[in-house]
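In the two complexes below, chain A is the common chain; its partner is chain B in one and chain C in the other.
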Partner chain A sequence: MADGRRRTDPAIAGARCWQGAERCSGELFALTYGALVRQILRDREDDVDATNAALERVGRSMGTRIVEEYLSRTGAGARACRSFEDACEAVAKTALKMFLGVDARTRDWSEDVDECVIEMDTNPLAEFVELPKRYEGLCYCNALCGAIRGALEAVRVRTTCAFESDPLAGNGDKFAIRIKLVEIVPEEYPFDD
Partner chain B sequence: MSTTTPVAGVAHAVDARALGACAASAMAPGRITSVWVINKSGGLIYHRAFDAVDGRGETHAMRLDANATLRLASVWHSMHAIARKVSPTRGCVGIESVECDTFDLYCFQAETGTKIVMTTTKGTVDARGTLRRAHQAFYAYALQNPFYEMEMPVRCELFDAEIANVVRSVNERT
Partner chain C sequence: MSASAALTVVNANGRSVYERELGSSADSVDTDAHVRELIGRAALDFADARSWESSATYLRLVDRFNDADAHGYRTSGGGRFVLTLRGRLRGNAGDETIRQFFTDAHEAYAIAKMNPMRDEDEDLGEAFDRAVRESFRRRLAPLFPFARTDE
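Up next is the complex of A and B:
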């Protein structure tokens, strides 16, 4: 995009994309995700840690794919996601709204601007869910963390992502994801090696 | 006086015809002759050539064998990267178009590094809009296909059909 072009407010961009998007029923979505988690748990023989890792992987490969849709639909140009701050704002205000219809915001920025918390008002993945005692350590929505990580990695922002508060696990009353910058990967040139 | 007027008139008429021809070729709609998708490491993952008939009824077709297309895609990837590197100002997005005497080439690179390239015959074409539609087709029908493996050649029927749609909408406009 041209330098002079005024940037749209990320929240407005997100709402606009959400308006125009093709949607599926929230119940169907929640149940499908639930079935997926259940199946992964069964495949891993109720090993909670392995399931968390598997959900992360599923999310990551979704993230690396949907980022292309995000870039195209928002018309985000070459300067999108150049800084970690921009990237987090884009995830919280635009991407979560655009793909899940969730209102979210960033808070608790660290002093060096390399860490923040994305707080979500609602979480359609976790509708109708109650975790039994034996799955205490299960990070039910870990695919979401994976998706954020995968999407940011595709635009060369390497991060770590984990739930800071997860009402399903009984901590906090809102879903919040702590996201931490590892590095912004410099561009690779084919003639540099 | 009476001898110069017709001469001037003829000259004028010739000029007008030349101008008209120029204007016609400049304003004629450009036709897409090929669409390429190049992944972020310079590998060609999709290539399709189209026969396009221009305003004068001439058929344009790109005749390249598979190896040549692979090689060219990788060369284009490097050229694009070099352009970004030699840019005197920061934030260069690379080569967006190349104008040749017989065809034009347009390129769009998404922030993820995927490039969509198309070649057209000379003439007007909404390059940005068309490349954007091709990119939309790419994420909607290739990336969202669970059987499509990232960075691998695209063999998705729906993607093929959608690209054909985009090209048809450009090539059949008058």
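Up next is the complex of A and C:
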């Protein structure tokens, strides 16, 4: 690396954090999330669009908090992401692995390196789930998009996130999230202080 | 000679959550869905009666109706499965084979019940259907001459 420091491979960092992490049963996690989605659907009287938005919001709040844990556990200070590309790699290989135990990778980078797709091998959120016809258009795992967006936003990377393929909705056979960079917010120093 | 097999699943509330024909011989016509339903439901009573006699989940042959054999299974949660085999089969479906089929179905049932998007009395859904058909193809389809298991 240019600064002479050796960067740990993000995949290895993710695996290490996953190993040391405190875990709960995957089934409990999947069912709890399912209960959350059901409750939100009920509160929104089965309005699918409102539910998608609500899930996004829930995810975003999680993301802005979870990024703290990510930074402290990975010790990311020593290997800060220097570009959007680094950030996406970190989300795919480190963050998804350490929080969900999912193997993921980035693909389909755009030419300007401001857009890519994160493809996940598995999705513990969607275990057991089958969407009934009446919830067509529901983005069941939207909280995940929200979490990624929230976490990146907390470190000053504004993005948009949406599912590119979602097997629950019957398109594609793997979960994939498209991330698009909106802007990297310049750091504001508190000059007034 | 036509032959067919059907599975009926009733949940603990007594609601029918799955009722399909799983396979039939090539010359069988699925015109008698109501007969199938009748046999399946009638067999439920016998399955209930039989479940008091043993602690096993597989209740073996619980009812006979003309050329149809009804096999019963009861999960510990109160769900009941009835497998109806009709017509002249090629050979005898051994108890062990049917028990294995029911075990597969029970597993798929447990998974289908975990689906958070499904209400208690709703149909079990496609994953259950797929799993049951897969198990049927593997274990029981050889009993059907020229089996046609894809509906």
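As a convention for this text, the second predicted complex is superposed on the first by the 185 of 193 C-alpha atoms of A that agree within 3 Å, B and C clash if a C-alpha of one lies under 4 Å from a C-alpha of the other, contacts with A are read in each partner's own complex, and residues count from 1 in each chain.
Keep this in mind: a contact is a pair of C-beta atoms (placed from the backbone, for glycine too) under 8 Å apart; a residue touches a chain by one contact, two chains touch by 3 or more.
Everything quoted here is computed from the prediction, not taken from an experiment.
With the two structures aligned on chain A, chain B fits next to chain C without clashing. When the two structures are aligned on the shared chain, A:Val129 is found in touch with chain C, with no touch to chain B. Contact with chain C, but none with chain B, is seen for A:Ala35 once the two complexes are overlaid on the shared chain. In the superposed model, A:Asp47 makes contact with neither chain B nor chain C.
In the superposition on chain A, A:Glu27 makes contact with chain C only, while chain B stays out of contact range. By the touch criterion defined above, A:Ala154 lies against chain B but remains apart from chain C after alignment on the C-alpha atoms of chain A.
Counted by residues of chain A touched, the larger count belongs to B, out of chain B and chain C. Judged by the touch definition given at the top, the superposed model places A:Arg65 against chain B, while chain C stays out of reach. Minimum Cα separation between chain B and chain C in the superposed model: 23 Å. Contacts from chain C toward chain A in the complex involve residues 111-112, 114-118, 122, 125-127.
Those residues of chain B lying in contact with chain A across their complex are 41-42, 74, 77-78, 81-82, 84-85, 91, 93, 109-112, 114, 132, 135-136, 138-140, 143-144, 150.
Within the complex formed with chain C, the residues of chain A that make contact are 27, 30-31, 33-35, 37-38, 128-132, 135, 140. Put simply, chain A touches chain B in their complex at residues 3, 61, 64-69, 71-72, 76-81, 154-155, 187, 189-191.
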